[in-house]
Each structure stands twice: as C-alpha cells, then as structure tokens.
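Both complexes below contain subunit A, partnered by subunit B and then by subunit C.
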Partner chain A sequence: MDKDIKFPLKVEELESYIKSKFENNSDEDLMFSIYHHQNKKIAVFGIRYLIDSNNLGSYLLSPLLERQTTWTADALLNELPFENGSSTNNLDDILDKIILGFVYLYIEDEQNVICYSLMQEEERSLDKSETESVIIGPQLSFTESLKTNLNVMRQILPTADLVIEKIMVGNAIPREVRIIYLKSVANKDDVNTMRQRIEEVDVEELEDSTTLSQYISDSTYSLFPQFYLTELPAHLAYTIKEGKIGVMVENSPNAFIGPSTFFSFFETTEDTYLEWLQATSLRILRLVSIPLALFLTPLYVAILTYRYELVPSDLIITIGQSRAGVPFPPIIEALLIELMIELLREAGARLPTKIGQTMGIVGGIVIGQASVDAGLTSNVLIIIVAASALASFTTPNYLIGTSFRVIRFPLIILAGLYGLIGLTFGVCLLVIHLLTTESLGRPYLAPLYPLRLQDFKRVFFRVPPSHNYRRASMYRPRQHKRYSKQDASKIRNIKK
Partner chain B sequence: MKINLNISPGERIRAHYLFFIIIGIQIGVGILGAPRYIAEHAHQDSWISILIAYIGTLIITAIMFAILSRYENTDIFGIQHHIFGNFLGKFMGIVCILFFFIQLLTTLITYIEVVQIFLFPSMPTVVMTFLLLIPICYSILGGLRIVVGVVFLFSFLSFWIVVLIYDPITRMDVTHFLPMFEASLTDLLKGAKATTFTLLGFNILLYIYPFIDNKENAKKPVYLGLTFTGFVLLVSTIVSIGYFSPNDISIMSWPVLSLYKSVQFSFMERFDYIVIVEWMLVVLPTSILLMWAIVYGMERLFQVQQKASLLGSSILLLILCLFITTDLQIQKVTNFVGDIGFWFVFVYPVILFPLVLLKTKRKPLKEVQNEKDS
Partner chain C sequence: MKKILKIVWLLFISFFLISCIQTQAIENIGIINAAGVDGAESETESNLIETTMAVFQFTTEAEENTKTVSGKGTTIKGAVKDAEMSSIYKLVPGKIKLMLFGEVIAEKGFLPFMDTLARDPRVPDLMYIGVAHPNAKEILMIEEENISTDVGQFLHGIIEHHSNDHNIPRKTLQDFLHVYYDIGHDNILPIFEIVNDVPKHSKNALFQGDKVVGELSQEEITLVNMVERTVKDQLLELSIPMGPFAESTEYKENGQQVDEFEVGLNVIKSTSKTKLKDINNLEFTTDIKIQLRLVEQTAEVAFKSQKSIKLLEKEVKKNLENHLDKLLKKTQELEADPFGYGRHYRKTRQGKDLTNDEWREKFPDINVKYNLDIILVRHGAID
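Presenting the complex of A and B:
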C-alpha cells in the first residue's frame, strides 16, 4: 500500500490509486465518474455490476447534482436518502467495501470519503424443499442468501428472545456465520461451546455450512454425523424451540443444528403436525427400520453361509430352491446386489430429476429381474436387499442415511467371514462407537444412555398435548416447561 | 498414595447403573454351566444351595458397604494401603489385580470354547480372541462412563433371551424335584460353594464405589442386582433340572444352552445358536468391567498409563488364550478361579472388616479422611 497517499487529495490522485488497485480487471467493471458541481469535483465510484443502477441514478445522482449549494462530506451523509451511509478516511477500508457493492462519494479536498451500500443482490427465490420432503406443514426451504434466510427465521419465530449472533470465519475470504438460538431456552454452556468452536476455526476460506460442521465436529473419525443438517426453516425453528442451537452460513442453503443425538435424526417436524398416535406409529416404524437397513443382508449372508439350521426346514427349502442355480457364495451374491443398488442410487442422485426417475425404475426392474433370470442372484436376496434399501430411505435426514450405506458393507463382509459371531462383533463395535460419540460434548445416544425415561416421550413416542408440556431434558434447556399441564388438559367447550 | 479420591463430576456415574454393573459382571459364562456344578453336589435340592449362596452374597455386600462407609471416598486399594501399609497394601493390590486377570482369562477361554464346540469348530482361537479383545479395548479407552454405558446397553440387548425360556418351562417335569430336602447340609453348602464361579465379580463394588455420584442411593440397586442374578441362576437351574433331570445335567457341559434347543418359531429355530452368539453381549460387559478394574488398579497402584496396561494385559491375554485350549485345562483354570474366588470374594471382606473397624476406631474418622500418605 502506498503510504504517501493520504486524505485530503485530488480526485485524479484518488482515481489513479483506485485504478491501480484494479489493474488487471477490466476497465468496464470499475465505475469512476467525476462530476463538476458548484465548482467542486465530486467523484462517484464503485463496481458496476454490483450496484443497483436504478437506485444509483434516482436516489443518489439526481439529488447530488440538483442541489444548488455546495456539498460537504457531512451534508452528504445527512441529506442523501440512504440509511446505511458511513464515512472513512482509510484507503484500505475503501478496497474492502467496494467489492461488497458500496458506492463511494468523494468531494475534492475533503477529509472523508462517504459510502453507501447499493448492493444489488442476486439470489434465487424461496422454493419448496427438494432433499427433505414434507407432506404436510410448511414446505419452504432455505436459499443461498443469508439475509433471506434470517428474514424467514425471524418470521417463523417473531420474538425478541431469538438471538442471532454473527461471527466471521475465514482469514483470506471471510464468510458470515450466524448462531441462532432462543435466549431463554438454550443451554448457556452449549451456546458458549458452539461460539467458541466457531471462533476458533482457523481456515483460509469456508465453503459451506457443511464444511463448517466438519471443522467444529467433536470427532472427525466418527461414522455418524454429529450435527443435523437441514434445509427446512420449520425444522430449524422446531429444534430451536427445543433448546438446540442452529448455525447458518452465508451462501449456504443448509443450516446445521447441535447438539444432536442419534435419535434426533429420526425426528421430523411432521411428527408434530400429525395426531400423536399416528406420529408415534410412524416414528417407531422409522426406528425399526434402522436394524432392518443395517442387519438384514448381513444376517442372510451369515445364516446361509454357516448356519442354515437356524432356518426352519420349510423356509430353507424355499430359499434353497431360489439359490439352487446361483454359482456364488452368499457373500459375493450379496455384495454384488448391494453394489448394484448403490450404483443405481448414486446415478439417480447425479442425473437430472426426470431422467433419474426413469433410470431408477428401468435399472431396478431390469437389473433385479435379469440377474435372477441369469442365475446370478436369488429371488430371496433381491427381496431382502430391496427391503433394507427401502428401510434406509425412511430416515428423514440424508446424512444419517449415508452413514447407514457406508456401515452396511463392512457388516456384510464380517458376516461373510465369521458368520453370526462376526456380525455380533460388528454390532458391538457399532454400539460402543455410538456410545463414545458426542455432539457438542453431549452424549450422542441420549436419552438411552445416560438413561432419561422422561425424554422417551419426546424422542421415541409422541404423547397427547396434555402430557407433552416439558422439553426434553437431555439438551439441558434453561426452561423445562413448555406450557402448563392443567391448562392443556382442560376441554374448552363453549357453554350455552 | 492418596487414600481418598476426588472424582470430578464429569467422571461420576449415577447410582442406579450399579444394578447393571452388578448383573453385567456376575452373569457371564458361568451361568451356562452352573446347574451342572451345583447339581453334582445338591442334586434336586440345588435351588436351596442357590438360595444359600444368594443370601451369602447379600451378607458380603452389606459388609463391603460397611467397610466403605468408614471412609470418605475410597476404593479397595486405598483401604488396603491404609490398613496394611505401603508395601503389604501394594502387594494385596497386585493380588486383587491378578485375580481379576485370571477371572477375565477364564471368561474369555470358556466363551471361546463354547463358540468353537457349538458354533464354529473351524474358528481359529486367535481370531476369536481378537473379536473379543477389540471391543473390550475400544470401550475402555472411552473411560468409565463409556464402560458403564456398554454394560448398560448390552444388558438391555440381551434381556430378551430370558423370555425364550418359557418354552422349556412348559415341558418341565415336576417329579424331578422329588424327594425334596434329601441333600444333607454339607451337600447343600458344597452346592452353594459351587455357585461361587457364577456369582463372582460383585466385589467390583469395592473398585467402582468412589465413582458413584449419589452414594446415598447406592445400596438399593446393588441388592436388586444381586437379587436379579440370583433369580436368573435359580430359574435356569430349576428349569434345567425340571427339563432334563438332576442326573442328566451332571453329564452335560452347558445344560442352560441345551435348554434353548427346543425353542422354535416359524421363521427361526435352533435358538441355542442364537443364544451363543447373543452371549457375546453378556460376556463382553463382564470382560470389560474386569479389564477396567485391572487397568484402573494398575493406574492407582503404580501410576501406569491406561493405554500401556491395557495393551500389556491384552497381549498377555491373547498369548494365554492361545495356550489354554483343551477342555481339561479350561476346567482346571475355572475350578482354580472358583476356589480362589471363594476365599477372595466371600472370605476376604469378612477378615478385612474387623481390621478396618480397629484401624478407624483408633484414629478419629476425620483424620483418616484427610490423611495423605505418599
């Protein structure tokens, strides 16, 4: 930086200085206009495509040039119709802000340069959620614009209790990160932990909220996600009301939530919209699908490789007939089909939606039916693999579903190598791994361990509103009570 | 060595987990073969022997609580140090650790034998030992809270086995218990002593006590745990005797396992295999708690790093498991542990108790609490 350049200076000096800083950029990008007004030179400069040109013309330039008396820096600040004006005499500041869409005004020989934000933000409009699908309830999903996302959150939770803290992360390319929680509910320690972890992130740049969640996660070697990633504002609001802490990052359509438990990945906001009995059934279905997704194929491999006596004779005849022509041992057979399913899934996710759907159907039918006809796999295995794939789709969260996909393969191999003992070994390791995992220093398997029976009715079941008056205590909220039990149990009929 | 321990709140565990700790460490491989050893002596009156042994465990536990209540917050190592002095205290500490080590070894080799005989004759012992040692080490590295969590969750995951016993119950023959009260008192006591191997381990209380958060509630879960173990042992022995017969089970290696052979569903049968596999979830808590006690003891006595003693004892266990493979050797080690265990777990606290009383009476209690030897 040229140290000798200081305010006040001539407009030409400023122009050559600013242009020197944008040396290799195209001249068209930098707008630097000099106006003569009342015998004074006024420089107006900024980056052309960042600035809203309508606002610039009608609200800034016209009042500027139509005034009859001379301008001073103070007058500029006070009389132009913008709310976010500021003044500076530091040349570094100018460079920092000009790339954020600020327009600068400089009157020759003044001490200060005045700037206004006229940023024209380009963003996509709010849309329906794509990755987390909702049947009833709010469908809105976050966009890439943090401002819009915060606006949406404030709309959903219109209370002064909602705190939105700001932290900048990234040394070379700073990015805005927001911590969002309810002051009267969220645990203070958790908020401090979250804030401290984000503040201590020491990286050059931050790509997305998902990257941030990896930087601040408790254990990067864990198989399981430690923060719940969501693109649904309604889900974020729901968990915040529970006492958790959300984090949003500029330019990311996903927010993440901590502390999260293993079982929180199986909760959806939809459970709250449904009647408690239906919601409980659905939630239990989702929980039952965890062992189905993980253990069904390994069990098939283990039992058929080593201990088919476990299967009653009528059933083993059926299975035996369908396996009669298959030339591979069960483990190869299972790995083959599982791999096919994973290929289908991954291809379906990468392809455009319309082609993806067609390919899913075609691939599923063709590969499944043809491989049975060709005698490469048994019918029974196709059913089992399809069932476990379906079971893994029931998880409301994409991240935990991915974890299951990854875990299944080692389990199949263990089952193929050492049969049921190998599988049990795998289960033991998995349970111990879940026990050692933490999210924001809180146990991952809560409320199972540490055991909190009170929380079961919020995690595993839904209960009628008259019993649902407490928050889950495993997140250590500051307020346990949500509403009064007595009031909720009253039946309000209008008496004649 | 400090006699009393300061445990930070983060390391403490709630008292109600003691229930699972007690049943986790007591119910292990022993129970699979226990009816046979008891019936050898007490025949159809084995259930009386079990009741005697159960009452014995209650009394010993009461004595252990009485010993612990004389101190502020200590474990067996602190007590031995206080009573026997530095050298002898450390020696007794080593004996404690060695005993746990042999108990752990017995658990592992017995389970490996069961798996190899019933399920997997071709399974190499090395692999099987690794399959057991890896979860043990993994959970111990997580600290006591994880250890307790594993014990707790695994107990839950294996509770359902007990329910399956309804099938043999429906086929029991009551005449197997007649004539009643035939066994002499000595036979009954011998039968009670034969349960020792199964009931061993509840002296973990003397090790884990300083880590209990709310000590005033510690007694109930411990006694309940002992009762649960006694009940399971009683049921499995009664059903074994009723289903087979006192004479039959004395020639069966693992009568409880054979009980499950007859359980059958339309989608699955041969539940004895399932029980053996599921028994891994019963063996692991026992082994993990024993290993924790070993590692903790080494750290407390000689300030050995947890990882070092964990690695050392794992390697030693692996080597020993490779050498002790024949049934005869395993029987010998099991009997040895049973015999020593009787003296160590049932008699030792009774001897220790008056010594503790004497020592703590001579000095006022407060001094004991604040005394710091080095």
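Presenting the complex of A and C:
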C-alpha cells in the first residue's frame, strides 16, 4: 500500500487508489460515483452486487442530493436514516469492509469517510429438513445464514438464559462461530472447554461447521463421530435444554452438539413427541439394529467358513443349497455384495434425486435377483446384507451410520480370515476403542461406562413424564431437575 | 500414531497365520446327519465294524442333498475314513443328530464307542442314540421316497415328538453316559426296526451296563418314566373289568356282554417320590400321584356320578399297581434296574461305596410298595 496516501485527499485520488486495489476485477463490480452537491464533490462507492440498490437510492442518495446546505461528515452520520453508520480514516478498513457490502461516502477534503452497511444478503428460505427426516414434530431445518439460524434458535428458546457467544475463527478468511447454551443448565467446565478449543483453532480458513468439529474433536483417529451433527433447530434446542452445548458456524446449515455419547446418536427428538411406550419400543429397535448392522454379515462369513455346527439343522440345507453354486468363498461373496450395496448407496447419494430413485430400484433388482440367478451369490446372503443395510439406515444420525458402513468391512475381513476368533477380536478392539473415546472430555460410552443406572431411562428408554423429571446426570448439568416430580403427575379437572 | 502403526504391524504379521486355520466351508464338507455302527456278524472278522452315514452334501447338479455312504474298519475313525473314499467331500461329525448301534454291537457292549464319541469335541453330545434291529445299515439305507424326508430327520423326529420333555426314550449321548456311570441305575434306549419299509420305533432295549439284556414295550416305558420322574401329557391304555360298571352302562352293546373294556387315559401330570423304608430288608416305597383325563373308552359307560368316577380311579389304580409289580419282576429277572432304586440305596447306605456288581446281586431281592394316588380330573370333553 502507498504509505503517502492519507486523508484528506481529493476524490480523484481516492478513486484511483480504490480502483488500483481492485485492479484485475471487472470494472462493473466496483461502483464509484461522484456527485456535485453545493460545489462539493461527494464520492459514493461500494461493490455493486453486494448492495441493496433500493435502499441505496431511496434512503441514501435522495436525502444526500436533496439537501440545500452543504454536507459535513458529522452531518452525514447524524442525518441519514441508517442505524449502522460509522466513520473511519483508515484506508485498510475501507478495503476490509467494502467486500462485506458496505457503502462509503466521502466528501472531498474531509478527514473521515462515512460508511453504512447496505448488504443485501442472498439466502435460501427456511425449508423442510432433508437429511434428518422427521415424521411428526417441527420440520424446520437450518439454512446457510447464521443470522436466520440464530433468529430461529431465539424463537424456539425465548429466554434470557440462552447464551450465544461469538468467536471468530480463521486467520486469512475469518468466519463467525457461535457457541449456544443455557447458562443455568450447561456445565461450566464444558462450556469453557468448548470455548477454549474453538478459540485455539489456528487455521487460515474454515469450510463448515463439520470442519470445525473435526478440528476440535477429542480424537481425530476415532472411528466414531464425537459431536452430534444436526440440521434440526428443534433437536439442537432439545439437547441444549438437556445441558449440552451447540456450535453454529456462519454459512453452514449444520450445528454440532457436544458432549455427545455413543447412545445419543440413536436419540431423536421424535422420541419426545411420541408416547413413552411407543418411543421406548422405537428406541430399543434402533439400539438392537446396532449389532445387526455391524455383525450380521461378518457372522455369516465366519460361520459358513469355519463353524458349520452353529447353523441350525433346519437351515443347513437351505444355506448349503444356495451356497453350493457359488464359485467364491463366503468372504469374497460377502465383500462383493457389500461393495455393490455401498456403490448403490453412494451413487444414489451423488445423483440428482429423480435419477437416484430409479438407480435404487434398478440396482436393487439387478443386484438382488440377477446375481442370485447368475450364481454369484447365495440368496441367504442377499437377505442378510439387505437386513444389515436396513439396520444401518435406522440410525437417526448420518455420521454414525457412515461409521457403521466403514467398520463393517474390516469385521468381514477378520471374520473371513480368522473366523469367530477374528470377529471376537474385532469386537473387543471396537469395545476398547469405544471405552477410551471421549467427547469434550466426557466418556463416550456413558451411561454404560461409567455405569449410571439413573440415566438409562433417558438414554435407552423413555419413561412416563412423572418419572422423567431429571436431566441425564452423565452430562453433569448444573440443574438436575427439570420439574418437580409431584407436579408432573397431577391432573386437575375443572368440575362444575 | 505410534500405537496405530503398532496395530497395523501386528495385523500385517498375523496375516501370515491365516493358513494355520482349517476352513470348513459349508459347501465343501459332507455333514453327517445320522450315523450307524454295526458289528460284523461272521466270526472271522469279529473285530471289524461297519459305519453307515446319512450325509448332507451340496452340489449344484444333484437334486437330493442326502447321500448314504458306508465304510469298514476296526475303529469308528477308520471306518469313517474308509467311507470317505466314496464321498467327494470330507465327512464332518459336527451336526450328527442321531446315532444308531446295530444289535450285534449292542449285545457285545458299546461303551468303547460311546467313550470315544464323548471325548471327541467335534461330536455333539446332544445327539440321540438308539439301537437298530437287526442292523443300522439297513435302516439308514432306506429309500427317501418311503419316508419323504431324509432318514436322519425322520428318526430324530420320531424320538423328538414322541417323548415329552426328556423322558425315555429320548436319550442323548450325555444322558446315556450319565446313567451309565450312575451306580445302581440302568439305561433304556429305543429300538428301531423296519416295518413295512418304514423305520419304526417299536420297542425299547433294556441295558445292563452297556449291554442289552432285554426288551421293554412302550407301555412299560411309560411306567418306568412314571416311577422315575415327572411325566406330562402321556397316553395310557388300560383294560378295565366291566363288572363294577354294569349299572352305569347306558345301553348294552348289541346285547353282547363283554368282560372288559378298554380305556384311553391321558396322564396330565404324574409326580413320584421314592423312599428306602428299610435298608436291611431292601424295602422301598414309591408314591406316585397321577392326574388323569379320560379320552377314550370302548364301552358306553356314563361317568355321571362321583361314585362311578371313584370306581374307575380304583380300577385304574389296581391295574397300574399290577403292571408295576409285573415290570419290577421282569427287570429283577434281567438284573437291570432302569428305575434307579440303586441310587436311593447308595444314598442311604453308610460306609463302603456301592458297586454295580453288588447292586446286581441285591436288586432281585428288593421289595417295592407302590402307593398310587389316582385323580381323574376330566372325563367329559374330548379333543
């Protein structure tokens, strides 16, 4: 930068300076207009497509040009009808803010430039959630605009207790990060940990909230996600009320929540909307699907390769017959079909929705029917793989489902190479890994380890409201009680 | 990171151990479903045995999955090896459901075979065992069309569905050995023979140790069960004299007078308790409480009054006691104790341990007093 350029200066000097900074950009982008008013030159500049042109014309330019007396910088600040005006005499500041949609006014030979934010934010409107689908209850999902998201959160939790802290992350391209929690409930240490971790992130730029969650996760080598990623404001609000801490990042439609336990990935807000008995059944179904998703195919491989004794006698003929025509050993067969399913799943996710659906049907029929007819696989395996794929879809959270997809393959290989011993070894490693994993320094396998029987009724089951008055203690909330036990079960009838 | 490298290194090394594990892929083995062991009948090759096995083997071409193979040898292992010569796959014993021993072996004593089977961890201890008459090969070689399933499944089904709970004749290898080593107790195993081209469980073999000494009918097995353990849902067929029921009969059978009529009774539940009353005179009492349901009768006797019901109970009691006494006599003559009275004796006697030989001497002299408590619970609706 030219050191000798300083305010006050001529409008032309300013123009050439600003334009020199935007050298290779298109001339159309930079708006630099010079007006003659009461024998004074006034420069108005900004970046054309960032500025709301309606506001610029009616609220800035018209009062500016219609005034009968001469303008001064102070008069501009006081008399133009915008709340966010400020003045500066630093040329670096101008460059920093002009790219954020600020409009600058400079009256020739004045000491300061005046700026107003006339940013026209382009954003998509609030929409139904796509990745986390909800059947009953609020359907709203976050958008890319942090302002809108915060607005939604304040609407859902209209209490002064809600704290939304702001931290800027990124040295080259800074990005706004918000920590959101309930002051009276969230554990203070956890809040401090979260704040410290985010503050200490030393990166040039930040892509998304998911990237941030990877930077601050307890163990980057873990197979499992340590923060619950959600795009549902209702879910974020629910967990915040539990005493957890949410983090939102500008331009990201996802918030992440910590501390999260392994089992919290199987909770949905929908469980709270349903009656406790139905919710419990559904939640248990989801928990039962964990071993199904992980171990069904490896078990098939291990038993058929090494331990035929474990096949029930009535099944042995069915399985034996369907296996007889298959030219591969069970491990290759299983890997082949699992790979096909993964290909199908990935293709479905990458393709546009309409083509994706067709792909799913075609792929399903081809893989299922044709490969059995062609003698490439046994039909029993098709059922098993389909069942375990279905089971992995029941997880409400996409991240943990992806973890399961990844873990299944080494388990199949272990089962195929070493049999049940290998599978057991794999399971042991998995359990050890889960035991050592932490989320924000809190044990990942809680409430199983450390054992907290009290929390079972919030994690594994749902209980009637009169028994559900405590928050889960494993997150160490500052307030344990949500409401009084006695009041919850009171029924008051108004009698005539 | 170092830790991960260590694990990766360990995994890599362990890949070299893969070939140490023997695979038993289901499509590359012949899974033995039922097996039979026969002794040679001729004197010249008396130590030779023949095994016959119904084997599942899966090939794309074959329509039937079961194949029967047989081989000869001096040991079971040797005979199986010989049989493998006519099978495309290795024969594995992990899913044997039933093992039959030919009569020749059963009379010689088959403990040597049982013992090796029990010691082999790959042989399931829960397989059923039985005696084949006259030999196992004939039964296992039966044409599948005759029984519309494979023979292993068929024989297994016969035992499974015709004895409730774990009553005789449902005897697994484990049960057999348990009773065998239980001093003062002898085994009973089912006998299979071919009747009208179909294997049938016709009677039962009474053992003394590991040798067959006699045969018991199905009715006698029911009685043994009732003395020894709790019996549920079991049919009893008895002949009852007509005399006492003459006045209750609704109408005379075409003017023909009969002396006896048959009743079918269902034992709802029977429980028993045996006590040694007098150790010196070897006097036992066995209390059996039997709840019965009348399911069939050949005469039109109307059980309308409590009196006639009581009468029937009394007749049943008399009849059963009679049968029990006869059965005891029979077993005493054979010197085999299927009721396990010896166990009660051993339990009560002080001092020296009882031996099987000692009990064989004493068993023919024991006296048992049967106290039957018969309750006819239902006699109306018959399903």
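Keep in mind that, in the parts below, the second predicted complex is superposed on the first by the 496 of 496 C-alpha atoms of A that agree within 3 Å, B and C clash if a C-alpha of one lies under 4 Å from a C-alpha of the other, contacts with A are read in each partner's own complex, and residues count from 1 in each chain.
Throughout what follows, a residue touches a chain if its C-beta (ideal position, glycine included) is under 8 Å from a C-beta of that chain, and two chains touch if they have at least 3 such contacts.
Keep in mind it's a predicted model, so treat the numbers as computed, not measured.
Asker: So, does A:428 touch the first partner subunit B, the second partner subunit C, both, or neither?
Answerer: first
Asker: Check whether A:323 is in contact with subunit B, with subunit C, with both or with neither, and answer first, second, both or neither.
Answerer: After superposing on A, A:323 lies in contact with subunit C but is clear of subunit B.
Asker: Give one of first, second, both or neither to describe whether A:81 is in contact with subunit B, with subunit C, with both, or with none.
Answerer: After superposing on A, A:81 lies clear of both subunit B and subunit C.
Asker: Should A:418 be classified as contacting the first partner (subunit B), the second (subunit C), both, or neither?
Answerer: both
Asker: Once the shared chain is lined up, is A:221 touching subunit B (first), subunit C (second), both, or neither of them?
Answerer: Only subunit C is touched by A:221; subunit B is not.
Asker: For A:305, is the partner it touches subunit B (first), subunit C (second), both, or none of the two (neither)?
Answerer: second
Asker: Check the residue A:57 against both partner chains and state whether it touches subunit B (first), subunit C (second), both, or neither.
Answerer: In the superposition, A:57 touches no partner, neither subunit B nor subunit C.
Asker: Once the two structures are superposed, pull the subunit A residues common to the subunit B and subunit C interfaces.
Answerer: In subunit A, residues 306-307, 309, 311, 418-419 are touched by subunit B and also by subunit C.
Asker: Flag every residue of subunit A that touches subunit B in the complex, lowest number first.
Answerer: For this pair, the touching residues of subunit A are 306-307, 309-312, 314-315, 418-425, 428-429, 431-433, 435-436, 445, 448-451.
Asker: Enumerate the contact residues on subunit B facing subunit A in the complex.
Answerer: Touching subunit A from subunit B are residues 14, 16, 115, 119-120, 123, 127-128, 131, 134-135, 138-139, 142, 146, 149-150, 152-154, 157, 264-270, 273-274, 277-278, 280-281, 284.
Asker: If we count contacts the way the header does, which residues on subunit C are in touch with subunit A in the complex?
Answerer: Interface residues on subunit C, with respect to subunit A: 1, 4, 14-15, 18, 21, 23-27, 29, 31, 56, 58-60, 65, 92, 94-95, 97, 122, 124, 153.
Asker: Contact residues on subunit A for subunit C in the complex?
Answerer: Listed in rising order, the residues of subunit A that touch subunit C are 221, 304-309, 311, 313, 316-317, 319-321, 323-326, 329-330, 375, 417-419.
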